[in-house]
Structures are given as structure tokens and as C-alpha cells.
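Labels run A, B and C following the written order; every chain starts at residue 1.
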Amino acid sequence: MVNLSQLMENEVFMAFASYTTIVLSKMMFMSTATAFYRLTRKVFANPEDCAGFGKGENAKKYLRTDDRVERVRRAHLNDLENIVPFLGIGLLYSLSGPDLSTAILHFRLFVGARIYHTIAYLTPLPQPNRALAFFIGYGVTLSMAYRLLKSKLYL
Amino acid sequence: MVNLSQLMENEVFMAFASYTTIVLSKMMFMSTATAFYRLTRKVFANPEDCAGFGKGENAKKYLRTDDRVERVRRAHLNDLENIVPFLGIGLLYSLSGPDLSTAILHFRLFVGARIYHTIAYLTPLPQPNRALAFFIGYGVTLSMAYRLLKSKLYL
Amino acid sequence: MVNLSQLMENEVFMAFASYTTIVLSKMMFMSTATAFYRLTRKVFANPEDCAGFGKGENAKKYLRTDDRVERVRRAHLNDLENIVPFLGIGLLYSLSGPDLSTAILHFRLFVGARIYHTIAYLTPLPQPNRALAFFIGYGVTLSMAYRLLKSKLYL
């Protein structure tokens, strides 16, 4: 019988679970950051969102875009575009029986790179800070994909 | 030997599979909604999409944006931003051996909140309907992340 | 004891892992394509990205949008919107004990359709090439969702 708690006794899988939960929670923080800037700067995308700030034409002036809000949204979308492949490839990689220390190195680099990417995007830090953070995360995911396909290709 | 069908005999995992499939199918419906509004309102993003509605300059007038289409697209992106963390954290949470009734409560609340979010976004209902739906889904995912990290943290 | 390497000896799961890794790697390629067009066409979204091309007002002229870049970004977002449901539903479907040849047919059709979708979007090919590719991928995911819910519904 499969005892699921034993799947969670696998160290690589537990490490994947921990790092994934952290990086996904960080991504969820971007929603809060967007909401924070929308409310403090009164910048909204939907008429019903600014109904509390005035009636009719007076409210419509808050339907606009703002550099700061757009920046957070771009950072959020970039997170989605990079964390989704990590989620899928990382899960399958974790199940493919990799070496524990190699796997943890991959996970740590990825999570560190994505946190640094967010800091570099939101501060903003001069390039190539953000580009570097992006490429480290990208490279980690490709490295896991390569190891997975090399050992387990089945088409 | 791992008999995979036994993984699917785990009740928490089966419940996660069912609710996830429902919420992902709901998200896929947003693509259909976007296509529906694009075709009925003749609002396109690509020149090749409106070639059937006229030639040359006549077709270019359909390359525009429309409030209704943009609203569906924002709802779709919000789904992506929230369902991706649910997918990752929920899967790992389901494997971490949670209490069945607690787990099902989490899944039901999340799926209900996301369906209500879509209704509130597309109708549109006045705020705070949509904000409330958003925060319930957000809170459920954070609650699963907290329980997962509390019981299985491995860094 | 669960021996994880045995999960990877399940042929359906190995096939899912291989096709998923390929389609996610393809999706990651879209980031590179965006970066390529941004750099060769000097079209940027952030002031810090074009600092290397000039100072002050001279750099600001590169903060613009470009048809080609926007096209790649739309293709990338469409990938996200379709590959995320495939990832979640496909994983659960793979674990639900489907027939091997049926499962592989689903995976091959999906991956082929998404690769063709990208080619049709970036070339661009006249419609209905892209629409057809979209609907094949969409139909494959719905078919897996249907089979999963039919055999394993637990609410």
C-alpha cells in the first residue's frame, strides 16, 4: 500500500515542497503589492473599484494606468512565466530520484534568484541586476529539464 | 511496488484532483469567453484574425481594444495568478497527510470563491464582492502553505 | 516503503513527465524570443533596461511598444493560459491509471498543437491555423478532465 506520508519522508520531495511553497507565497505577495499601489495611488482598472472615491465622472478619472502599478504587474507576470515551468519541471525532477545535495542546490538558487529578481524589479536596481536574476532562475529550470529528459525520456 | 491506482484511493488526493479539475476547467472557460466577445464585438489583437471581415484598411479598424474583452482578460489573468499557487501548494498540502474534512473545506472554499470571483468580475457586481472573493481564495492558499511549512519544512 | 524511482517506472507517468518537460521548455523559449526582439528592435518597458542606449531623454524614446514584441507576449500569455490547465489536469489524469496508448495520444496531440500554435502565431500564418491549434490543445485538456472526473469524482 502507498502510504502518502512516506512520500513526504523523501528528503528531495520535502525540500521541493518547502522551496516551492516559499516561492509561490512570494508570488502571491505581488497581488498584495499591486492592490497596495492601486489603493494608495488611486489607480484602477475597473469602474466598480473606484466607486467609493466619487460618483460618475468624478470616479472615472481614477481609471488610468500608473508606472508603479504597471511595474508590479510586469514583475508578477514574469514570476508566473518562470515559476510555472519550475513548478512542473521541478516536481517531475524531484520524483526522478536526483542526488539530494544537487537538488537542493537547484531549489535554493531558483528561489534566491526569483526573490532577488523581485527586489531588482521593484526597487528598481540598475541592469544587469534583474537580467542576471532572471537568467539564473531560467538556467536552473533548464538544468533540471535536461537532467530529467536525459534520465527518463519516454516519448 | 507503487501501485498508482492506490494513490488515487487516498481520499484527500482524490478530492484535490476533483476540485482542481473543476477550477482549471472554469479557468479554461475564460478563453472561450474572450473568443466569444472578440467575435461578437469584432475586436481583435492580430491582423490575421480580422482578415475575414474585410480587406486592407477595412480590416484594420477591428484592431482595437474593448472594455468588455479587457475585463474578461483581466479576470483570466487574475485566475492564473491565483490558481497557479493553489495548484502547487494544494498538491503538496494534499500529499502531506492533512485531515480529510479540513482539506475538503479548504478546496471547497477556494473553488467556490474563484467561481464567485468570476461572476463578480464579469457581471460586474459592485465592490467589495470581487475583493471578498479574491481574499477568501488567497487566504485558503496561504492557510495551506502555512500548514505545509509548519509540518514539513525542509530547507 | 514508497520507492520513488518506481513512480518513474510507471510508463504513463514517464510519458507525462517527458511531454510536459518539452512543452514547458518550449514555453520558456518565449521569454528568450521576447528578449531577442526587445534588444534587436530597441523596445523596452522599463527605463533601467534602456540606460545602456543613451542618457536621459535620449533613452526614453526606447520606452515604447512594438507589434512584434506584443505578438510574442500574446503568444506567451496564451501558452500560460493553456499549459497551466494541462499541467494540473494532465498530472492528475496520469495518476488515475489511464490506458497507456490513450494517454500518450493525448500528450502528443497537446504538445504538437502547442508547438504548431507558436509557429502559427509568430510567423504569422493565416487563420484558422492558430485557432485550430488552440482548439486541439483545448480539446485534449478537456478530454483528460472529463475522463478524470468520470472515474475519480470525489466532492
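Going forward, a residue touches a chain if its C-beta (ideal position, glycine included) is under 8 Å from a C-beta of that chain, and two chains touch if they have at least 3 such contacts.
If you want to know which protein each chain is, UniProt gives these names: A, B, C = Microsomal glutathione S-transferase 1.
All figures in this text were calculated on a predicted structure; none of them were measured in a lab.
Where chain B touches chain C, the two copies mostly use different residue numbers: shared numbers make up under half of all numbers in play.
Superposition of chain A on chain B using C-alpha atoms only gives a rotation of 120 degrees, nearest 5. Inter-chain spacing, taken between the CA centroids of chain B and chain C, is 16 Å. Chain contacts: chain B has residues 2, 7, 77, 80, 84, 87, 91 touching two or more partner chains. Chain contact summary for the complex, chain A toward chain B: residues 1-2, 4-5, 7-8, 11, 14-15, 17-22, 24-25, 27-28, 30-31, 45-49, 51-52, 76-77, 80, 83-84, 87, 91.
Interface residues of chain C facing chain B in the complex, by the touch rule stated above, are 2-3, 6-7, 10, 13, 70-71, 74, 77, 80-82, 84-85, 87-89, 91-92, 95-97, 121, 124-127, 130, 134, 138, 141-142, 145, 148-149, 152-155.
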